[in-house]
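Each of the next two complexes has chain A plus one more chain, namely chain B in the first and chain C in the second.
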Partner chain A sequence: MLRRRWVDAVVVVVVVLAFVLAPQAYSNETLLFQMMVYIALSQGVNILYGFTGYLPFGYVGFFGIGAYGASLLMLHLNWPPILALLGGGAIAVLLGLVLSPLLRLSGAYFAIASLAASQAVYLIVSNPALQNVTYGPYGIQLVSQFNPTLSYYVMVVILALTVAVVLYIRRSRFGTALQAMRDDPVSAAMAGVPVVRQRTFAWMISAGIAGLVGGAFAWQTSVFYPDAVFSLSISIFAIVFTLFGGAGTLLGPLFGSVVLYGMYNTIGISDPQYFQLIYGLLIILLVLFLPDGAASLLKRRGSHVL
Partner chain B sequence: MLYALIAGVLFGLYYALIGLGLNLTFGVLRMVNLAHGDFVMIGGFAAVTAFSAWHLHPLWSLVLVAVLIFAVGIALYYVLVPRIAATKDPEMISLVLFFGLSQVIEALAVMRFGNNTQSIYEPVFGKAPVSILGQPFPAVWVVSGLVSLLALLLVYLYLYRTRIGYSTRAVMASREEAEVSGISVHKVSAIAFAIGLGLAAAAGALAPFMLGGITPDLGVGLTITAFAVIVLGSLGNPVGTVAGGLIYGIALMLMQTYLPSWSALLPYLLLLLVLLVKPSGLFGRQVRSA
Partner chain C sequence: MKQLRRYLFGLAGVAALLIAGCGSTTSTTTSSTAPKDITIGTLYAGSGSYATSSLPELAGLKFWMSQVNKDGGVFVKAYNKKIPVKLVDYNDQSDPNTAQTLYTQLITQDKVNILVSDFGSVLTSVAVPIAQEHKMVLFDPTGTGASFFTPTNPYIVLTGLPTSAVWPDNLAKYLLAQNFKKVAIVYAENDFDQSQDETLTTQLKAGGVTPVYNQGVPTTTSNYDVIIHNIAATNPDAVLELGYPNNDIAFLQNLAASGQHFGFLFTIFPGQLFSLLEQNVGAKTLTDTYTYPTPPLLAYNSGVNYGMTISQFTQAFQSANGSAPNFLDIAGYNTGLAIQKTLETAKSLSQLDLRAAAGKIHMFTLDGDFTINKEGAQMGETLPVGQIQASGSGLKTVIVFPSSVATGTAVH
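Now for the complex of A and B:
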């Protein structure tokens, strides 16, 4: 037990150190920041999909609402950025609570309903009729709050928190209960697991992470349009990174994000359609030949993947 | 008001056509084809390209592309579906797989056609508006409505008047029982899947007119719209889809008349509402778990 805690602590410290020290070795801080964004988001997807089996295609909705929540708190109420970030996270959790009835749907229905929900949120936020509140399609400008260095370190903290939460879930009764529900909800309920409550709880944790990350992204970017934070590709990236690495593990999504997002930056920015093609093919091949991700390659050899 | 209602019926038939293919696929396979909207997009680009290259009338492209995509569908079925059906969670796996397929199609479309909206701007269906109950409508709306109606009728006849259609409905009711009673499930499913894709492509050939143009990123939104339509009319029930399409079309036209800036929200809200309030649609099957 004690040894496990040590391993966990080491993992968190390594992740934090890696991103604190990385700007010294590699000057493209934006890239590093976005990599952290995607690691955290894919861990959020992981909490939901890896542990409960619900695939949230509309995960980006929480990211977007967090970005907008935090920005609007800064712009309308003049909250200091870090407080506004927490506010953005809280708003995302609230949205998760409002959408929690979606969890009653099974499998594909949930995935598509969550996608519809995120598109609905996007269309509301970007609607010209709400220009006075959300600035509609014209986007957000946070120039006066712009602080790339501080927001970078805040993101490191959010990432560390996310990793810690995933580790906690993996080790705790809560995580075991979630996985039991994923495999067989009826038996889990019979064994005394409060299925609906725990699943909703996981959903809200996952939403909160996306909200915080969205707020940090808004702060770092400081000028953005609604389609930048509600782009479906954010959900897709997070899901593919998770699947690629292996859902239900900590290192899988981390590995997936670093490798694939790195790849995206070498070929994706200049020719996004080639990247989309490779992605699509990768998804198809993964599903057909390696449905449990890269982690399953190691697991097959009998080693334990954290 | 009357204008919005009639336009709603015309568009409703068209949306029913888009939804029907998805519903057939779902009915026989219990899988949601997330790439459905992308096949509509393919049909649209095919029609636009055929028109600009050879001046081919979109109705001819419609027939051609439907047949072609039907053949593609048969091949696609045998490559993908038996593999997925063998995994432990076919429903989720297929969702992700078709999603990947949708990404591939979209990327290829961007490479081939670019990101700009393409359409057919010449009045190929005649300039004169068609008058229904004293209201003038663009001729192409009426043609699309009629073509959709014809396609829906053909599918109905296929399902209810032919032997293989009979088997198809048996597979929809229960895959296992159909199999033990000697129906070649894979053959029946492959045909239904291919018909579904063919219908999507056929609808696509009319999309330059009905949806205002074709862009590579049309797919996902259309898939959701189609899903909303078929959930409204209950999944796995082809007849219900027509009802769902009509409700959706009329609601859309009323929204566009009275609340234009919010009308884009309609498919999403409708879908969420139906899924949460009565997920089984008009006549239903169990979709919730736990």
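Now for the complex of A and C:
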């Protein structure tokens, strides 16, 4: 037990140190920030998909509402950024609660319904009739709050918390219950697992992570339109990174995000004309030969992947 | 213990990947001696919804670069010599989040001397705070969002069009002059189109005309069937559709298919991307509709005191690229001219000196009068109202308002 805790602490410290030190070696902090965003989002997807089997195509809805929630708290109520960011996370959790009936669906139905819900949120936020509240299609301007350095380190903290939460879930009875529900909800319920409550709790944790990350993203970006924070590509990236690394593990989504997002930028910068071809081929190969992600390579050899 | 060691190796691997995955740093150019070239960094959308507008803009900038390099480079006052221009361009795929990373890449890794934003407000928006943070002047060809230009940001220069809220000034005056009482407006819900809608409705109301229909639609709208019938039900004297090229195309296609006809119909992009619109909706649908004519439809041949005239540019561009230029090619070229004039007059390559020099530019190019205000917004150019009319077997654009620049009268 003690060794496990020690390993968990090392994992969190390594992740934090990597991103605290990375700007010394590489000065494109925006890229590093976005990499953290995708690692945290893929871990959020991981909590839901990896542990409960629910694939949230509309995950970006929580990210977007977190970005808008935090921004509007700063703009309308003059909340300090860090507090507003926590508020953005809370608003995302609230949205998760409102949308929790979606969990009655499963499989493709849930994926499509969550996507539709995220689009509905997007259309509400960008609606010109709500211009006085959300600024509608004019987007958000946080120029007076813009602080890329502090927002970067706050994102490091959010990432560390996310990693810690995933580690906790993996180690806890709660995580075991979630996995039991994923494999066979009826049996889990018969064994006394409160399926609906536990699943809703996981859904809200996942929403809260996306909301916090969205708030940090808004603070770091400071000028953005609704399309930028409700773009479906954000959901797709988080899901692909999770699947590539291996859902249900901590290191899988971390590995997937670092490798694929690093590749996305390397190819996008050096050979943009081949980017879509290479990325597309990679995903096809993944689906064909590694449907359980890169982590399954190690698992096949009998190794335990954290 | 073995297991533990394996974890730690794994984590170290991920950390190493993290550093490696980010690429490598590049060297810094010292500013004491003349650089061997002036690097201009820009983004373009090679795919996605902004590609049709972004690629021509890049082509125009590249054309300008080829012209100056053919002549030995751009004259840089700070070194009193001509220096070749080099372009560093990345594909943001129309994604603002990717653009954000790539703008930072241009500044921090490529250490470009001049930063030019991608097409339009959405892809420019993310560049504005990044440029300001890194104290780099952002040469902005077509990002006309009014919120980019503030007294606290000295690092932006809008080289092409005026801010979008100013665009419909002449259009509103023309509608009032025509004594239209029933005006219907449908606009895409984005900064660019909604700001025009607000200006129009404010000015029309001041003139005693309240639009009988004023409806926003998502920018992604691709079917206007129901909207067209709703508008027709109000029996309007004039219909204005404000959108991006994809919206204009969908609206005009749906209108042609619906069998409805409006006596006065205005759309934005036939005036900028005439060939694209004609190709997609047909000459018949465009005939007698109104638009904002921009170069090359608005032909500045006399009075040009910097760079090529529109005729010279059209000929040279066509022979270099094999296709006739549209407005966005010209916007890209015009951005090059603004950079050129800035370098010719700036006392050093420091960003604040570049911005100060850009602020003093007064020139008349193939894109019209170039004058920016203190906030960096373009003030020189104005957009007249034009009508696309039948001319023999083709179409021509006639400027109908204001009378000072009119080239003909409207056909109803």
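To be clear about the criterion, the second predicted complex is superposed on the first by the 289 of 306 C-alpha atoms of A that agree within 3 Å, B and C clash if a C-alpha of one lies under 4 Å from a C-alpha of the other, contacts with A are read in each partner's own complex, and residues count from 1 in each chain.
Here, a contact is a pair of C-beta atoms (placed from the backbone, for glycine too) under 8 Å apart; a residue touches a chain by one contact, two chains touch by 3 or more.
Owing to the predicted nature of the structure, the values given are computational and were not obtained by experimental measurement.
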> Touching A:290 in the superposition: chain B (first), chain C (second), both, neither?
Replying inline: neither
>> Under the stated touch criterion, name the partner, chain B or chain C, that contacts more residues in chain A.
In response: C
>> Let me test your reading of the model: by the given contact rule, A:123 touches which partner, first (chain B), second (chain C), both or neither?
In response: both
>> I'd like to know which partner A:280 touches here: chain B for first, chain C for second, both or neither.
In response: first
>> So in the superposed three-chain picture, is A:18 touching just chain B, just chain C, both, or none of them (first/second/both/neither)?
In response: second
> Once the shared chain is lined up, is A:32 touching chain B (first), chain C (second), both, or neither of them?
Replying inline: second
>> For A:150, using the defined touch cut-off, is the partner it touches chain B, chain C, both, or neither? Pick first, second, both or neither.
In response: neither
>> Is A:223 touching anything from chain B or chain C once the two structures are fitted on A? First, second, both or neither.
In response: second
> Both chain B and chain C touch chain A; at which residues?
Replying inline: 123, 127-128, 273, 275-276
> So in the complex, which bits of chain A are touching chain C?
Replying inline: 3, 6-7, 10-11, 14-15, 17-19, 22, 25-32, 34-35, 123, 126-128, 136-139, 141, 143, 146, 148, 221-225, 227-228, 231, 233-234, 251, 254-255, 258-259, 261-263, 265-266, 268-269, 272-273, 275-276, 303-304, 306
> In their complex, what parts of chain A are in touch with chain B?
Replying inline: 53, 55, 57, 101-102, 104-109, 111-113, 115-117, 119-120, 123-124, 127-129, 181, 185-186, 189, 195-196, 232, 236, 239, 243, 273-277, 279-284, 286-288, 291
>> Which stretch or stretches of chain B touch chain A in the complex?
In response: 31-32, 80, 83-84, 87, 89, 91-97, 99-108, 110-111, 220-221, 224, 227-228, 261-262, 264-265, 267-269, 271-272, 275-276, 279, 287-290
> Where on chain C does chain A make contact in their complex?
Replying inline: 3-4, 6-8, 10-12, 14-15, 17-25, 46-47, 90-91, 93, 95-98, 100-105, 108-109, 121-122, 125-126, 128-130, 132-133, 145, 147-148, 150, 152-153, 189-191, 193-195, 216, 218-219
